[in-house]
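In what follows, chain A forms one complex with chain B and a second complex with chain C.
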Partner chain A sequence: MASAADFSRNRTWLWRALAAPGLAWLLLFFVTPFYALLSVAMGRLDPVFSSAEPVWNPIHWNPAIFPEVLGELFGGRLGAIFMRTFVYVGVASTLCLLIGYPVAYYLARHAGRWRGLLLGLIVAPFWINYLMRMMAWQNLLAVDGYVNRFLMFINALDAPRAWLVGHHETVILGLVYGYVPFLILPLYAALDQIDSSVLEAARDLGAGPVRTFLHVTLPLSKQGVMAGVVIIMLPLFGDYYTPSLLSGSPRTRMIGNEIDLFINSGVGGATGAALTVILMAFITLLMAYYLFTVMGAARESQR
Partner chain B sequence: MVFHPRDPGWRRGALNRRELLRMVSGAGLSASLASCGSTAGFATDDRRRVLIGTPENPVQHPLFDDNPPIDSGLDIEPGPLRIFNWADYVHIPVLNAFSERYGVDWEYTTFYNNEEAIRKLRTKAGRFDVFFPPIEQVPKCIGGQLLQPLNHTYLPNLANVWPSLVSPFYDQGARYTVPYGVYQTGITWREDMVTPDLEAMTNPWHVFWDPQYDGIAGMYDDFRETIGVGLYATGTNDINTADPELLENARRKLLELIDLINVRFTIDGAYAKIAERGFAIHHAWSGDVVQAQAYFPQGEDPSVMRYFWPPRSEQSSAGGMVSVETFAIPRNAEHPVLAHHFINFMLETENALSNFGWSGNPPPLRTLNPETFVSEGHIPPNLATTITTEDDFLIGQLPIQLSPEIEIEWMKVWASVQSGG
Partner chain C sequence: MIDRVIRWWRDPWGQPRLLQLFVWAYIAWSLLPVVIAVQFGFNEGRSRSVWQGLSLRWYFTDPELSVWNDASLMAALTQSLKLAGLTMMVATPLGVALALGLARWRGRGSKPANFLLLLPMATPELVMGVALFMVFIYLFPFIELGTSAQLIGHVTFTISYVVIVVRGRLFAIGRDYEEAAMDLGATPAQAVRMILLPLMAPAIFASLMIAFAVSIDDFVISAFLSGGAESATIPVRLYSSARMAPTPALNALASVLLFLTLLAVAGAALVMRRSRDRSGARGSAVEEFARLS
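After this line comes the complex of A and B, so read on.
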């Protein structure tokens, strides 16, 4: 007969077993590729094929590539594109937040019975492939496209503008359009969870709508904002098809384009891998900050 | 040993025609240099060795015991013939004619760039019978033993090839490759949109550094070709340079184009986009310009296309690239006898001509007269300048494989140019 202790031991075993698929997933799709990336970055150059080859044994790794690539990124030949990527991601994330927050707030507070429909409409564009949506923008933004026609109709433009040849605003527009729904959804979930009795208490204590928002809603939705911003920033940093499709000019390339170029060049594979690792390090810092604040907020709410 | 392929004598007027053509063929120099193995190249950690020939130092690639050519007199395999090539590089009616003559099917697998192609051959992901390496990739393909030596008894039509390319400097004795087509890299434009006078310029490559082409000029998304323009524009014809100063000058020069004309780097600009008015002037492979005609929208006149190759200028000493595409048979080909027959078939004058009308790159056959290409309707009169002749190899520069250390420097320059900083 199983005692209570046995049962509890069995149950611990069960919980561990349930974590196994997740662990296997992480090993297979994160740890292994990351290890491969390091092996290529610190690997060797095949002298015959001029291609970057991985070195699997860490004892033989040569980390010289990292200072070299960091030198190119900070003040070197890749400095401009690195800065540009940060500016694009910063501006696009801010715009996403400015657009996404009111939408999420409206959905959570005031949409009422339309809520399901509106959420569905926000998600709907994602039934269409990203590439197809960017190609639609290519048509809309063409010299004889609807955007120019509309802007000329309302007299905002005198002559059609060539939007698709190297304009920062076009690429940022594409980035915002592409990623804003990913910010709205977690933000909506966070705002929806705010207990309405807290808001009522604020009102009862004499706070007006603006003060209630600034001192109650905004702090309580901080987790959602952080989650949404992190979720969109990760793919924004690695994006390379939006600038390719909406501009194709050296003026608007992002670091993702450079990684793509190096990795596919054969000879530049190690540089591409090192760039990826450095970018990951920056993103990890962002993630660490996010986890830190989320854990802090969770502790606070448990008090 | 770091390879440093400088070729100071390889310039217009430095040597006479006969001497130069002999250099392309490498006749006379080959025996001594190749046999002692002192030619430019670098040894590797194992017995693999990359030999890079230059016009002054031609190479004969070695044969390996474990990679012999096929025996003579074998029957052809039942097929299918598996071709591994760029998209649209062999005319389908020509393939069908081959198919009919030998009673075999054909399969055509494409690749997007050379790196991808070589990766696929290395991983043995597919077994292909015919591959088409450009000359600057030939040394690594042979050194890495991706190709098998050719058995010339199956290739009687090799005799049709220009004498200067029967035994070229990059592969003396045509041991592993046979020339397929020749081409140049020049400048193309639409006469209905812009009217540059390249003949009158002291350096025709400077045409791109002109604000009147803001937003309508493009260059290739190809590091060898476009850094090459940067080098030509800064006054050197050394397009295989290992000199960091020359590369830095080229980088700075190319970067000027971003603010000056908002240049874009494309791979389809010189044929598809220029036909749709996406560009008015573009850096161009001669074959692309011929193919552009097919991309003009219905009802529009493709005779507005023009092409100019700077080395032909009377006013200027600026260079221009000229090169050779080759046929080769991968080492692990499943149908090597069929592959030999295919190469021989493509060297037949008639088939080569039919393929040329489509690809735009002339086959280097002495049985063809380039002067009749226009009169016989293979090339329209406005594009007569796209025809690459044997003499063009005297005035142009050939791309040569870079050593890995130099190639990575070129890549970094290219990444910087492409990212505008």
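After this line comes the complex of A and C, so read on.
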């Protein structure tokens, strides 16, 4: 009788053949585009039309554009936008965490028989188009919209305010509204995994609810917090539609808006490509840091 | 009152009412704006911020501006449906085959392949959109921007979702059935076709629906790869007309998109739950989805 190992050896060709088309697709349409992106960023400029011209041979790539673009990001023409992107992403992720943590905590520890329903309601925004969710706020924040009328009703405002023109707080509201659900789920998964006997032990040993939370729950959920924050930071750094839908003013532009403008205006393709590469490099660092800490923690917990 | 607050504080395993209130407030905040946006799609008047009475004007009856009668809105709806349908038909077979291959293939190359699979999910859409835009402009100029480029982009980021759904089911099935089939003389290909595929049917259906929902929901890739107004999908249309004094027809259009997505998701959830019930597994389909996203 043949052993299981024989079977899997004999079948390897089949599994490879099954995986081949999908992998070929990813190589052709996921990996190759990044090669094209690098070729455009480090390519030539057409002397007549000053449009980007890719250079396909990596030996002839000219990385001079990166110091140039980095110079603009740090203190140059794009400096303010670069800083603003970081401030928006920082403030939005902090607020997301402050809102998301209690929700995830309740869901994991106290939801009881309501858990299924609550989880469904919390997952629902995933399946509502992001742009529709922003459009909903356009309706609410219109000059004659519900928000202005409510604020005037409670006398917080004397006259309606034009929320949708160049207000930082509106953009941050939009970003928080848009991305909180993506933070809650990984947090919930992490909090749900905490063994409740550990918490009971803390209580039995005399720790109050606050101390139990601060010294047991919070440290144990650190990985979930990290995962959630990284998960929302990835799209946050690449966002351009939230500021343009909820503000549309140059005062609230993010780095994504610049990339969008460079690419879709037809000129500045190389600069746009270089900015995208820089963004990608930055995000890769973020991911690497995250994976590094997660793996470190996993190794620690196995010991 | 203060007494009760103290009692909640002292009783660590009781219901924390404040927290409960916070959670329900959060849920209201996260869903009510959308409900209101859907409501304005049924507005009698032209406003998207003041309620003027119920009507189907912006869906059907307005002769020029309703979703049904405005050719450009209808075109966006058709484009969205066409793209999502095609994406589902292309991404699911590719993803199912890839999942089968990766779940069973242990050897050189399988680790990088698994890693490659996760990358599209970790790449911000803007980066992927720009990269795909560059590849179609400069390297594959024979693929024009528009439906075909959009389809390729959508399939690329949908494959990973399909693989994750199907692979989960494959692990649950285990290898016993196919090994039994082969002990009884089936070839590997026969075992896949006659044993694994039928067992995977619910997961395949779920991934069809998820591919549809993910594709119809996409904005960034569709926008970067659209060839012009005629290949604008509903989200692209929501973006481009938001600043041009839109009518409630835009809300109606967005609501149609919402209904279609929810239909696909509900279908997937239902089938996944039924198959889990039959196999005796516990846990809700919603939790499955939570883990997926």
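Following the convention adopted for this analysis, the second predicted complex is superposed on the first by the 268 of 303 C-alpha atoms of A that agree within 3 Å, B and C clash if a C-alpha of one lies under 4 Å from a C-alpha of the other, contacts with A are read in each partner's own complex, and residues count from 1 in each chain.
Going forward, a residue touches a chain if its C-beta (ideal position, glycine included) is under 8 Å from a C-beta of that chain, and two chains touch if they have at least 3 such contacts.
Quick caveat: nothing in here was measured; it's all calculated off a predicted structure.
S.K.: Check the residue A:Gly248 against both partner chains and state whether it touches chain B (first), chain C (second), both, or neither.
M.R.: both
S.K.: Touching A:Phe34, do we find chain B (first), chain C (second), both, or neither?
M.R.: After superposing on A, A:Phe34 lies in contact with chain C but is clear of chain B.
S.K.: For A:Leu279, is the partner it touches chain B (first), chain C (second), both, or none of the two (neither)?
M.R.: second
S.K.: Based on the superposed arrangement, let me know which partner A:Pro235 touches: chain B (first), chain C (second), both, or neither?
M.R.: second
S.K.: Between chain B (first) and chain C (second), which does A:Asn257 come into contact with in this model arrangement: first, second, both, or neither?
M.R.: The first partner, chain B, only.
S.K.: Once chain A of both complexes is superposed, is A:Val267 in touch with chain B (first), chain C (second), both, or neither?
M.R.: first
S.K.: May I ask you to decide whether A:Leu151 touches chain B, chain C, both, or neither, giving the answer as first, second, both or neither?
M.R.: A:Leu151 sits against neither chain B nor chain C.
S.K.: According to the contact criterion defined above, which of chain B and chain C contacts more residues of chain A?
M.R.: Answer, by number of touched residues of chain A: C.
S.K.: For chain A, which residues lie in the overlap of the chain B contacts and the chain C contacts?
M.R.: 248, 264
S.K.: How about chain A: which of its residues touch chain C in the complex?
M.R.: 4, 7-8, 10-12, 14-23, 25-27, 29-34, 36-37, 39-40, 54, 99, 102-103, 105-107, 110, 116, 118-133, 135-140, 142-146, 177, 180-182, 185, 188-189, 203, 209, 212, 234-235, 237-241, 244-245, 248, 256, 259-260, 263-264, 269, 272-273, 276, 279-280, 283, 287
S.K.: In the complex formed with chain A, which residues of chain C make contact?
M.R.: 9, 12, 15-16, 19-20, 22-23, 26-27, 29-31, 33-34, 36-37, 40, 47-50, 94-95, 97-98, 100-102, 104-107, 113, 116-117, 119-120, 122-128, 130-135, 138-139, 152-153, 155-156, 159, 163, 175, 179, 182, 188-189, 192, 213, 217, 219-220, 224, 234-235, 238-239, 242-243, 250-251, 254, 257-258, 261-262, 265, 284, 286-287, 289-291, 293
S.K.: Which of the residues in chain A come into contact with chain B in the complex?
M.R.: Those residues of chain A that touch chain B are 45-51, 72, 77-81, 84, 162, 165-166, 248-251, 253, 257-258, 261-262, 264-268, 271.
S.K.: Applying the document's contact rule, which stretches of chain B touch chain A when the two form their complex?
M.R.: Against chain A, the touching part of chain B is residues 42, 44-45, 48, 50, 113, 115-116, 118-119, 122, 140, 143-144, 215, 223, 251, 258, 262-266, 402-405, 407-408, 411-421.
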